[in-house]
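Naming follows writing order (A, B, C and D), and every chain is counted from residue 1.
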Amino acid sequence: MGKNYWITDKPIQVNDCIAKVIRPKAGAIDTFIGTVREFTKGKRTLYLEYQAYAEMAEKKLAQIGDEINEKWQDTETAIVHRIGRLEISDIAVVIAVSTPHRNDAFEASRYAIERIKEIVPIWKKEHWEDGTKWIGDQKEKTSYQEKLPTEEEMSDD
Amino acid sequence: MGKNYWITDKPIQVNDCIAKVIRPKAGAIDTFIGTVREFTKGKRTLYLEYQAYAEMAEKKLAQIGDEINEKWQDTETAIVHRIGRLEISDIAVVIAVSTPHRNDAFEASRYAIERIKEIVPIWKKEHWEDGTKWIGDQKEKTSYQEKLPTEEEMSDD
Amino acid sequence: MIDVLFFAELQETVGNEKVSMEADGMTVKALKEKLSAAYDLSLDHAMIAINQEYAAEDAMITNGDVVAFIPPVSGG
Amino acid sequence: MIDVLFFAELQETVGNEKVSMEADGMTVKALKEKLSAAYDLSLDHAMIAINQEYAAEDAMITNGDVVAFIPPVSGG
């Protein structure tokens, strides 16, 4: 089945990600899917372009999986992120986390998407009706303004 | 594409559920998948049997979707639950909720699984190595001992 | 006549998923008592649905209703 | 020689995804200053990775390293 953390320039098949985490010990799988949204604060997106530092991004995705395994018991995580041009409603990212009990699955997959937006070298370029822009920090809930990651974020353990 | 809330005696295709909620206004889809877990507190499950009051269950699943739409803005929900005999790792339930922003998707799908365990007439029979039992209330976080549902739970609005 | 549906362990105890009976004008509570006695059922933790909607103990049953006894659910 | 990688808007400003240069013994901070000046780049908000690991400002660069300038990420 290959690796659990990967960058692809092809359309994402959600099942490919889910299949990697289904297992007898798990009773719950939370799957987060990020899709290209047409309108953001009234502004219309025509399409997106994602770029990644692919090798490092895959390492950082794997690091997130390791972090999840430290924070919650007995987890299995898989994450795939697409790059290149994505149209409206295309799937940009899929995170699947399986756990024995459901609360952990919800919390862990939510953690994963937040961490992706902090440490994984992937960038989104918005192509709006009236222009383009590479998007920076998009964390919705916490501010992340420092120019260096924290010690924890730099660690690969 | 048919209805968004259904009971089936066939294996569940996760994509059938996700496809119903993908849309241009959504940027996030949270998908909760419940699978048959082999071990619960050291006890080994051989397989499960699910039974439903199917027509009412579909109405109650739709009610949960309505509740979600009242509690969070601009949601689209789809839920499918399987009945009959399920083997270890088989998918019993899939909930997909799409929202413009991810936090709502996580919260809404978590709400949905909790509500399923409160108001949807579906029952699970455990077939263990050493016996069988119809399982009652399985809510992990809240107690639900009253013999009648609350007013809210009885409402179909 | 009404139809009464049983599920899960209640169905196994009754030995039937559906019974038809006279119950016009009875309350849910009265029907519960009658069936508890008839089938030696413990219905204390069962919810009742009339025509696929949860009903309270004092709800009135009328001819043609479908009444379901719903033991604590365990889907998901 | 080291390789320096640029991404997103930095890549567009530099006009290149990779440049090779001498930097043995330089700190990350010194390299940042050098490149900021050379390409008129704003690197204040960029993180730096050496060989695919985030590095602090005072980290030392050695021959053969791959240094990446990583503007605020926006995946997901």
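Things worth noting here:
To be clear about the criterion, a contact is a pair of C-beta atoms (placed from the backbone, for glycine too) under 8 Å apart; a residue touches a chain by one contact, two chains touch by 3 or more.
Protein names from UniProt, one per chain: A, B = Molybdopterin synthase catalytic subunit; C, D = Molybdopterin synthase sulfur carrier subunit.
Only a predicted model underlies this, so the values are computations on that prediction, with no experimental measurement involved.
Common neighbours of subunit A and subunit C, by the contact definition above: B.
With centres defined by CA atoms alone, the chain at the far end from subunit A is C.
For the pair subunit B and subunit D, the distance between mean C-alpha positions equals 48 Å. The centroid of the Cα atoms in subunit A and the matching centroid in subunit D are 24 Å apart.
In this assembly, the C-alpha centroid of subunit C lies 72 Å from the C-alpha centroid of subunit D. Residues of subunit A in contact with at least two other chains: 34, 113. Multi-chain contact residues of subunit D (touching two or more other chains): none found. By the touch rule above, subunit C contacts subunit B in their complex via residues 5, 7-9, 11-12, 44-47, 49, 52-57, 68, 70-76. Taken in their complex, subunit B has these residues touching subunit A: 14-15, 18, 22-40, 88-89, 98, 100-103, 105-106, 109-110, 113, 140-141. Interface of subunit B with subunit C (complex): residues 34, 50-53, 55-57, 59, 81, 92-93, 113, 116-125, 134-138, 144, 147-149, 153-154, 156.
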